[in-house]
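Listed after this line are the structures, all set down as structure tokens.
The two complexes that follow have chain A in common; it is paired with chain B in the first and with chain C in the second.
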Partner chain A sequence: MTAPQDPRSLAWTIGAAIVVVLYVILLLGVESQLEIAGLLAAGIAAVAVAARFGVVARLGRFLGERDGLLNALVVAGTLAVTAFFHGDAFVLLLVATVIIYFIACLGLNLQFGYSGVLNFAGAAFFGIGCYTAAVMTVHTAVPHLLILFAGGAMAAAIGSILILPVLRTYSHYSAVITIAFGLLFKIFLEVNDALGGPQGLRVKGMNVLGWKFNSNIDIGGIEVSFYVNYIVLGLVLLALAFTFVRRVERSWIGLNLDAVRLDETAAACFGLNITRWKITAFTLGNFLIGLAGALFAMMLGFIAPTNFTFGDSLILVSIVLLGGIGNPWGLVVATAILIVVPEKLQAIQEYRFLLFAAMVILILLFRPEGLLPRSLRTYFPGWRAK
Partner chain B sequence: MSATSNNNGATPLLAATGLSKLFGGVVALDKLDLQVFANQILGLIGPNGSGKTTFFNVTTGIYPVSAGRVVFDGQDITNLSTQAVYRAGISRTFQRSRLSLALSIFDNIMIGNHKRLNQGLWFNLARRDAFRRQFEESFEEARELVQVFDAPLADRMFEAIGGFPMIDRRRIEICRALVSRPKLLLLDEPSAGMTQEETTELMDDILEVKDRFQGLTIVIIEHEMGVIERITERCVVLNFGQKISEGAYQEIARDRLVQEAYLGIE
Partner chain C sequence: MDVGLLGQYVMNGLMLGMMYALVAVGFTLFFGVMDIINFAHGDVLTVGAFAALATILGLAGIGVDSPWIQLAGATLVAVTTMAALGAVIARTLVLPLKGAPPLNTLLITLMLGTALHEGVRLFYPQGANPQRFPSLLPTDAYSFGHFTLRIDSLLVLTTGLLLIVGIHLLINRTKLGLAIRAVAQDEDTAKTMGINYTLIVLATFAIGSGLAAFAGVLHGLYYSEVNFAMGLLLGVIGFSAAIVGGLGNIYGAILGGFLFSALQTIGVLAMPFASAYKDVFAFAVVILIMAWRPTGLISEKISQRV
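Showing the complex of A and B:
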């Protein structure tokens, strides 16, 4: 059975989506620091009021049973914002960055949100993807789309070595191992001349069958920033990654990962091979993080070790904590907040880590399941027992 | 010994011989010989710390044995992994309920169904139609199982188990252990934390389950002597990791050693 028709809720949802898109356009468009601060405050107040009157809950219930609609709205909204800012490189870079970070956080969510394997080396696996792209675009003739997957595969392969010590330790200790790995990775890059040392490496832009992603496009006399290319490709990859993560969650695999996270002993008593499922989550997650990294490197055209610090890993972890552990949709909201707000609100740029830390503490204290808490598993949205 | 004579020399389904478990200097199980016969409900009783739960943990592979052997259904399961013991056909519940409270009733039961579900990545992620069939079959099976315990509960399969009272959690924990059709079910104090009426209700459920699942054998750890008297066919009494008595409830209740262990009679 499918979810029942509900035209009023549908109208409300589309209305809400339009309001959100207009708000995002407004937020990205204004320049004055005061106006941005005012808009942010207004946004928070509007969400609070909507939540107070049950609008948020109602939308959540409605969309919860209609996955496809939500996906379509998000893609359409992103394209609308992109079209509006078609010539504004700064804004489009932000949009593309949010998309790419979202993909990486989906990977982290598989690891930490589902199987409970902490990974404080997210930026390192992202960096492995970046450096793979740098080396392969410059030194090989491998098609660039394949290089994206090579970046993911490389991150997954190196992750499968790191998982060995992680599996031999528990909770905090395994977290410390991933922290150490993240630090080692950056130092390794800095002293390794073949990989450019501290100066970093140049990366060739994406080139698919002669379609050069890094040149601006001219459509009937209108100049369109080249970032649009990356936004479109990013959205395609995001849709694939999102579907993949959703299917993992809505299968016995997702159930196994949850069981491992929640109670290893009980899981083992029902035949679950704890090691197998932790490795599965860690490897698949690193693949997504590396894939995102490879795309990011091609977009920036230049990478250096300073892009992959422990601080960057912490941002990735904060996104997962803030968004709602285990909820892919929570990640959209959290990624947007953590990437866009400091870029727009230059005044807090210097203090952004302070602000992130404060946000994470507040969330953990008052809403430990995140801004958009994960809901119970539905294997098939809208499915009803006969 | 009277162990085999009770059952006319039948081969036991589970047999522990000379089973010992030491935690440092503490002897939790001391050369224990224990047999469980097919189709019976065996009560495992004894004071706190007498080694009952340790026996479960050693049998299911949570702890390695210090000495001795455990044979189950003709297979030596001494020191097998918990996973292998489960695959061999032994399921259990835990003294302090170990359900995943954040997951739904259905999810919790499916954790117990691990060996009968297709765990392949390709099947789960790419073959969604085939997965859907397995999901729907498993759902029907789980719902029928829950209905044996409590019909209204079967209509709430996709609600988080954390929102249900203790008796329902116990029921679901037993369902999780039963869904894979084990040969042997180990129940670790299922009445803990429940009222007298709830306990009676749960024991009715257990007897009904035993009727439905032909060939199910149960070992139950229990402190309520009324429960033991009502549902078990045979009892084994432990004290300080040793077997001090065994037989039908009426026999062991008369045993002087048992009275001493429980009541402290000198």
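Showing the complex of A and C:
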């Protein structure tokens, strides 16, 4: 895909990326609550002003035609932030958490955004990945990289129990099925002694060929927090997952999924196998969520049922909705906002469920397409919908 | 099995069923007029129960000691405030999203529910812990063998039955009920007949939410305890009960409520060793029933217009 070259736009874009990275570093770096609140307000104001003068729209269009550049900028930006905070465990934990949640939300996006299959048990599938990792790292000698995929496979397998009920029902009925499953999963974990009950389980850290992820690294005399390991691995997995999701979206599979979401009856009339596409999206989505969960468990080293409540499922759904359903780029922004802001702004930590709920209600009332709405497919460079 | 003990189980099942039925009727009423599911319904119940509790404590604080006045006052406050809340929800959140994709309505009510119970948790004093709900009803009991008939259970059950009969009369014998049924059957025709659609939707939400508040008071009296998270469980069970009976069908909802409590009681009876898994069992049954009859035992009429 060769878009018309424009060196000035390119320079502007890279400039904007540097500004964003500096802003993120500043935001993650400051400690005082007042400064954080001020920075957030300044950020919102800056975005509003930029949007007013059409800068955001132009940037979006420029980057929308250059996926590769955007990918490179995000990876470079994340690495820059990581390098800056190489010794600060708390900030790096946040960065890694954002990456892992992003992977999970990509999975949820496959379900909600493309095929329109509802899943309000995101936290439960995430939890399945976590518990798989916990049991397998402690009780088996399976290579740890494989365990990540086992976590995803387990989530997909347990999710397949739900396939029949979810397929036979639609909209609110299937929502209730997934809600019931999410509640069932958490209650089951709490009353089940074999899986640690309410106290939870310990998880061993990632260990690839003797490279222990959970010990700090020493590069040329500089102490680097062990979270950097997980950030790098997370980025690799994220790149794989992201490329995969984007490829699916752009391919005929993505077209079929969109058709199924937009109008099942019409899609069926055109000979699409609705059942097949729904199963595909549901299983693939759960796989990604479980994969993210397994990595998350290994990073934290400890998991308990309270991490997987219905509220957490709703946060995952909020991220997808806030970012603009179906737009994987929106997820970056939304994940960062929903994970980082309550952690940094301790004053609102306690109120985060309430605030997220209020935020989603406002978004639904006034901007139902999300912060960064999904754009129309463009198969020809430079083509724009009239 | 001893007959007395069996009677005890039946009594408990009836109490539970009454609560579920009251919640389910709300779901089915909303679905009838608007074709939407209000997932905040369970949390409206929670807020109602806490409103009642606050009223009782407030009345006790200003020196009103008679349990009857306390109870009447609490019920009145809970039902009226929740009815008002229901109307506000319909006005500000549900009606503006009419015509939007079902996912949006679903999410907005889910998020509203979260906001409601988080509000209770954060802003009610000590809201994160379970609160004791005073037992205001006389606790006299008559024993027949293993069967203890408690007066309070009997009173609660009778009130609940009267309420259900009242709803039946309201829907079938009054002009308001006629209008609600008309809107449920065909919104456009109802409008051309001069029915104020918005008003009817608000009234329906008020009635349903008032019923939920009443169920919340019952819940408090029955378990002597309320907590901020109880709405989610009751909401899902009430919704399932409404589905089992067929959404949009009031008698189906009542039937579904009692059926669901019967299932739970049978589950506990059949597997006493696994009583910790009682809720796991209940939710598994919900999923199974919906997989078997996706739109309920008495099916909802679906017509797809292409």
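In this section, the second predicted complex is superposed on the first by the 377 of 386 C-alpha atoms of A that agree within 3 Å, B and C clash if a C-alpha of one lies under 4 Å from a C-alpha of the other, contacts with A are read in each partner's own complex, and residues count from 1 in each chain.
Simple rule for what comes next: a contact is a pair of C-beta atoms (placed from the backbone, for glycine too) under 8 Å apart; a residue touches a chain by one contact, two chains touch by 3 or more.
In this text, all values refer to a predicted model and were calculated from it rather than measured experimentally.
A.B. asks: Hey, is it chain B or chain C that touches more of chain A?
C.D. replies: Higher number of touched chain A residues: C.
A.B. asks: Which partner chains sit in contact with A:A141 here, chain B, chain C, both or neither? Use first/second/both/neither.
C.D. replies: A:A141 contacts neither chain B nor chain C.
A.B. asks: One more residue to check, A:L255. First (chain B), second (chain C), both or neither?
C.D. replies: After superposition on chain A, A:L255 lies in contact with chain B alone.
A.B. asks: Kindly classify A:H172 by the partners it touches after superposition: chain B alone (first), chain C alone (second), both, or neither?
C.D. replies: In the superposed model, A:H172 contacts chain C only, not chain B.
A.B. asks: If you stack the two complexes on chain A, which partner ends up touching A:A266: first (chain B), second (chain C), both, or neither?
C.D. replies: both
A.B. asks: After lining up the shared chain so the two structures overlap, which partner does A:E350 touch, if you call chain B first and chain C second: first, second, both or neither?
C.D. replies: second
A.B. asks: Now for A:R247: first (chain B), second (chain C), both, or neither, which partner does it touch?
C.D. replies: In the superposition, A:R247 contacts chain B only.
A.B. asks: Just to be sure I read the superposition right, which of the two partners does A:I361 touch: chain B = first, chain C = second, or both, or neither?
C.D. replies: After superposition on chain A, A:I361 lies in contact with chain C alone.
A.B. asks: Does any part of chain A touch chain B in one structure and chain C in the other, and if so which residues?
C.D. replies: 265-266
A.B. asks: Quick check on the complex: what are the chain B residues that touch chain A?
C.D. replies: 60, 62, 81-83, 86-87, 91-92, 94, 98-100, 102-104, 107, 110-112, 114-115, 117-119, 121, 124-125, 128, 131-132, 135, 139, 143, 157-160, 176, 180
A.B. asks: Which of the residues in chain A end up touching chain B in this complex?
C.D. replies: 244, 247-248, 251-253, 255-256, 258-259, 262-263, 265-273, 280, 376-380, 385
A.B. asks: Report the residues of chain A in contact with chain C in the complex, numbered from low to high.
C.D. replies: 112, 116, 118, 120, 162, 164-165, 168-173, 175-177, 179-181, 183-184, 187-188, 191, 265-266, 310-311, 314, 317-318, 321, 350-351, 353-354, 356-358, 360-361, 364-365, 368
A.B. asks: Would you pull the chain C residues touching chain A in the complex into a rising list?
C.D. replies: Answer in residue numbers: 36-37, 39, 93, 96-97, 100, 102-104, 106-108, 110-112, 114-115, 118-119, 122, 232-233, 236, 239-240, 243, 276-277, 279-280, 283-284, 286-288, 290-291, 294-295, 304, 306.
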